[in-house]
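Here's the structure, in structure tokens; my notes come after.
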Amino acid sequence: MPIGHDGYQVGTGFKAILRRDLTSVWRNRSDIASPLVFFLISITLLPLGVDPSDKLLAVIAPGMIWIMALLATLLSLDSLFRQDYDDGSLTQFILSPQPLYLTVLAKVIVHWLTTGLPLALIAPVLGVMLSLPAGGYWPLVLSLIIGTAIMSLIGAMGAALTVCLRSSALVLTLIVMPLYLPVLIIGSNTVSSSVAGFGAAQGLALLGAALAMALLVMPVAAAGALRISSNH
Amino acid sequence: MSEPLLTLNNLSCERDSRTLFSGVHYSCPPGTLLQIVGFNGAGKTTLLHTVAGLLPAACGDVRWRGRPIAQQRQAFYQDLLYLGHQVPVKPQLSVRENLLWLGALNTPATEAAIAAALVEVDLAGFEDSPCYALSAGQKRRVLLAQLYLSRAALWILDEPFTAIDKSGVLKLEAAMARHATNGGVVLFTSHQPLAMAEFTTLDLSAFQLSEQPSEEAI
Amino acid sequence: MAWQWFHRLGSPRWFYEKSSRWLVWFAPLSIALMLVGIGWGLGFAPIDSKQGDSYRIIFIHMPAAALALAGYYIMAIAGAVGLIWKMKLPFMVMKSAAPIGAALTILTLATGSLWGHPTWGTFWEWDARNIFMLVLLFLYAGIVVLAEVYPSRDAADKACAILALVGTINVPIIYKSVDWWYSLHQPASIKLTGGSTIHSSMLYPLLVCILAYYCFYTLALILYTRREILVREARTSWVLELAQGQGKSNKAGDGL
Amino acid sequence: MPIGHDGYQVGTGFKAILRRDLTSVWRNRSDIASPLVFFLISITLLPLGVDPSDKLLAVIAPGMIWIMALLATLLSLDSLFRQDYDDGSLTQFILSPQPLYLTVLAKVIVHWLTTGLPLALIAPVLGVMLSLPAGGYWPLVLSLIIGTAIMSLIGAMGAALTVCLRSSALVLTLIVMPLYLPVLIIGSNTVSSSVAGFGAAQGLALLGAALAMALLVMPVAAAGALRISSNH
Amino acid sequence: MSEPLLTLNNLSCERDSRTLFSGVHYSCPPGTLLQIVGFNGAGKTTLLHTVAGLLPAACGDVRWRGRPIAQQRQAFYQDLLYLGHQVPVKPQLSVRENLLWLGALNTPATEAAIAAALVEVDLAGFEDSPCYALSAGQKRRVLLAQLYLSRAALWILDEPFTAIDKSGVLKLEAAMARHATNGGVVLFTSHQPLAMAEFTTLDLSAFQLSEQPSEEAI
């Protein structure tokens, strides 16, 4: 090969990482099914652990679905950068002319497409199981779609900070949970306030603003953290 | 042509605030084939990491085409191919798919180029095998195929001969020599005796301890 | 000139030697302020008409809460300075600020629950401020744990700084959202004493207490940072000299 | 070294693995704190997602504490054999004259000592926060002590089965959850029935019997699964 | 003494139902120092795994002191020391602690023995360093220290020279030769040229393809 470049086009790597991770996920298809199953199972646990009368369930439904979506996202975070770190792909990301920000963004997008989005789409089924009142379905799906995207972004920062640790699952939880809290509160309130007849517009607008901010801040923070982790 | 591509400028490296070596001066004009030698734990990997900008230097700096790399990361990384101890190859993807994404990070590769490179590393016919089904040496050969795909001027290879069989080692040495004659720079480490004729060595032991007192005197 | 001063400030050795001189008068001052403030508040301020003596916890509780929050920002700013100017000392300050902040948060929570027992009739109420304090504790704990588990010290410093910085954006958001959550749910069943109507005979000791807490916080931060400096610079020549000097003076002291 | 043995004493390895893992945990002390923190945080999330009025909380408290203990155990399972698998320690375990059963048992004991036991001991604090009625505290602690031990044992089998998979966290959930369900049901019923005044003896006896069975079956199953995973 | 310790009895191995080699007959009396050779992907690691009982043989069996290993796992594993591609060393534990637990799985080691073994592998002074702070070669040396601690008769070493520097390789070769003269058996693979004088080689290429039709004919 002759030496010398005609200029690296930013974005090539972005597309390649997107394609690579989507292909990997497609090869292990069960990975997409698993967060869903976790979500389903833990919602099923609920009536087993607590009194399963309709009224009680309906009161706690929006909060519970949101909490379980949060936990399902959390469970899948650890593997976000783990394999890339262990096999040295991360070093290659850093040593590429492509800005690390874009690489992180590609990985977050794949994570959300394979975790958050399916969760949001299946949530109405769980709503039925927990007898969520009729007005709550659309707000539930929409708030989950935006909310899981924010949680994937925040989670990317947490995963990047903990990727060089031995047993990171729980440190990750500690770091990420307090940041998830506002998302959870706004999200579950959006659903319950629209069930109560107050509309969901305000909550969704808040979530949208949070998403915009997370998009700006989190991949940068994650990229910084990855650089630190790589030279352990 | 005599202007150096890569310059190690009074480089010192630390690990856990213990100085491994200090005062390394070296300039690599185009055509340099440089082996870093030293016993286990001398700091060869640390040096290569520092040259690649993965670790901060304790003192001194690394220059590429005359400018410190910290000031021109993107341009420098366009010129760099780094193969370390680890094997960044996804087990569930095929050999071709792996080379595609690895290439996209630096020099996007065409299908035809990949097929040709796989012939060079004796993996023809394995294009579509998933990488988990490869042996230790075959996995490393997938990485080495990048040498035939990349257009980077600087190759940094940390123990590239690991797990490679005899005929593979000969071919690899030839590729490294060819890169140097083409005007590139190769930095590598290895503990194996080599058949190559022309390469220079940089012995890290020369920069240890003896240099350290002079540091404290400053 | 100013720049030079700034960089000297980043030198742990300079800080250690200077702070030895500050401590001579600063330590007694802050301890004295603390004693005066707490003593005035607990011993001499008048009894509250509604709550009796239990309200006196406010002299410990309220300043602790205020500082726990302020401490987070001090920590984050130190981290930012360290990241931007690549200096060692601010990282040490940051690392020291985390456990102090966590301790203050725990103090707030503990005194609050103790106070809650007589006033609310329960140790814990899911009230906006309580939740916020609990989350602040988790934020501190995240930084303490991260600093502890990272394999290398430099990496730990930078990682904690990033987390602290992201936290600064989030602290107000958490505060707002918890407040919002609170206002959407049922109204508070028990109202706290109105903040503005506090009587001056209680206000002055409270102000002294706040001042005392600030001084005490600074003192603790300096002491922690000095310890951190000694641990980290243990292998440098100046610390070794210091240790030798102390060893000698200790021996001399023993001889006497 | 001269060649030849005077007979390997079964149990040497058991003690060594116990010591090794306890030392490792002690070195990363935060590992013990983290499940606790997860437990604390997720209980804190609860009143944020749902209406935090005392009455409602008291009703769902036993179930929720049990569910969160279950999830905390689940989260920490993935790392049970992961590191040993990745670095080849597992091969050494298999190639040792010591029965694999004992090695697994040593690892399970360490897991329980560092996860389940602290959870059980801290549970009363959470009981206070969720306004659990007074009669429930002892049954809560006792049922959690036995229950988390059972869950560690079941989890070991799940972790062993999934250790050779790429992203196992969610497949693991899938395998383990159905087995956790009876434990969860018995456990939370023990607490709520003793709150209601019916006593906890029967529930505790059931849990004890389940523990004895799990001790017999699970390490053997896990050892078998590990042998299979090792020759990938 | 001429009775073989280890016997490969008509051994065939498969991966993904592709036969790698078949009909390997070999018996190793005490004192055997056997290098398995073959190109990358020939099946050396597969063979060693099969001998250690980690993989089932497609056909034939492995015998230790005359009995198939499947019938006497515990006794066989008491006699076996296996070092593979991977490095089972816990990063957060110190060198000494790692050798203690590794030893307890087979031959419990005393503190004094460990100190002596670490001198042999040039790691004296590193007893209490955590293993994450070791270089690639130093980590492998921790494993190799087991050779001086174990009392096993059969050593199976998969590319033991990986990442080891020149003086280390010489010492290791000496240790292997000594084990053989003491009446042990050493099976190893390596792609590096060796300085040792006396060892036999088993070339896997001889058992490939050519044998395969005869398999199908059966």
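Quick notes
We just call them A, B, C, D and E in the order they show up, numbering each chain from 1.
The working rule: a contact is a pair of C-beta atoms (placed from the backbone, for glycine too) under 8 Å apart; a residue touches a chain by one contact, two chains touch by 3 or more.
As the structure is a computational prediction, the values presented were derived from the model and not from experiment.
Of all the chains, the one whose CA centre sits at the greatest distance from that of subunit A is E.
When C-beta pairs in contact are tallied for each pair of chains, A-D comes out on top. Averaged C-alpha coordinates put the centre of subunit C at 57 Å from the centre of subunit E.
Centre-to-centre separation between subunit C and subunit D, using Cα means, comes to 36 Å. If you average the CA atoms of subunit B and of subunit D, the two centres end up 45 Å from each other. In subunit A, 28, 83, 86, 166, 171, 174, 177-178, 181, 185, 231-232 are the positions where the chain touches two or more neighbouring chains simultaneously. Residues of subunit C found to touch two or more other chains are 135, 138, 141, 145, 149, 151-152, 178, 181. Residue numbers of subunit B whose C-beta contacts span two or more other chains: 16, 85, 92. Every residue of subunit D that touches subunit C in the complex is listed here, in rising order: 28-30, 33-34, 37, 40-41, 44, 47-48, 51-53, 128-129, 131. Subunit D meets subunit A in the complex at residues 28, 30-31, 34-35, 37-38, 41-42, 45-46, 48-51, 56, 59-60, 62-64, 66-67, 70-71, 75-76, 78-79, 83, 86, 165-167, 169-171, 173-174, 177, 181, 184-185, 188.
Across the complex, subunit A meets subunit C through its residues 157, 161-162, 164-165, 171, 174-175, 177-179, 181-182, 185-186, 189, 192-193, 210, 213, 217-218, 221, 224-225, 228-229, 231-232.
Contact residues of subunit A toward subunit B in the complex are 1-5, 7-8, 12-13, 15-17, 19-20, 23-24, 27-28, 83-84, 86-89, 91-99, 230-231. Only residues 122-124, 126, 131, 134-135, 138, 141, 145, 148-149, 178, 181, 185-186 of subunit C touch subunit D when the two sit together in their complex.
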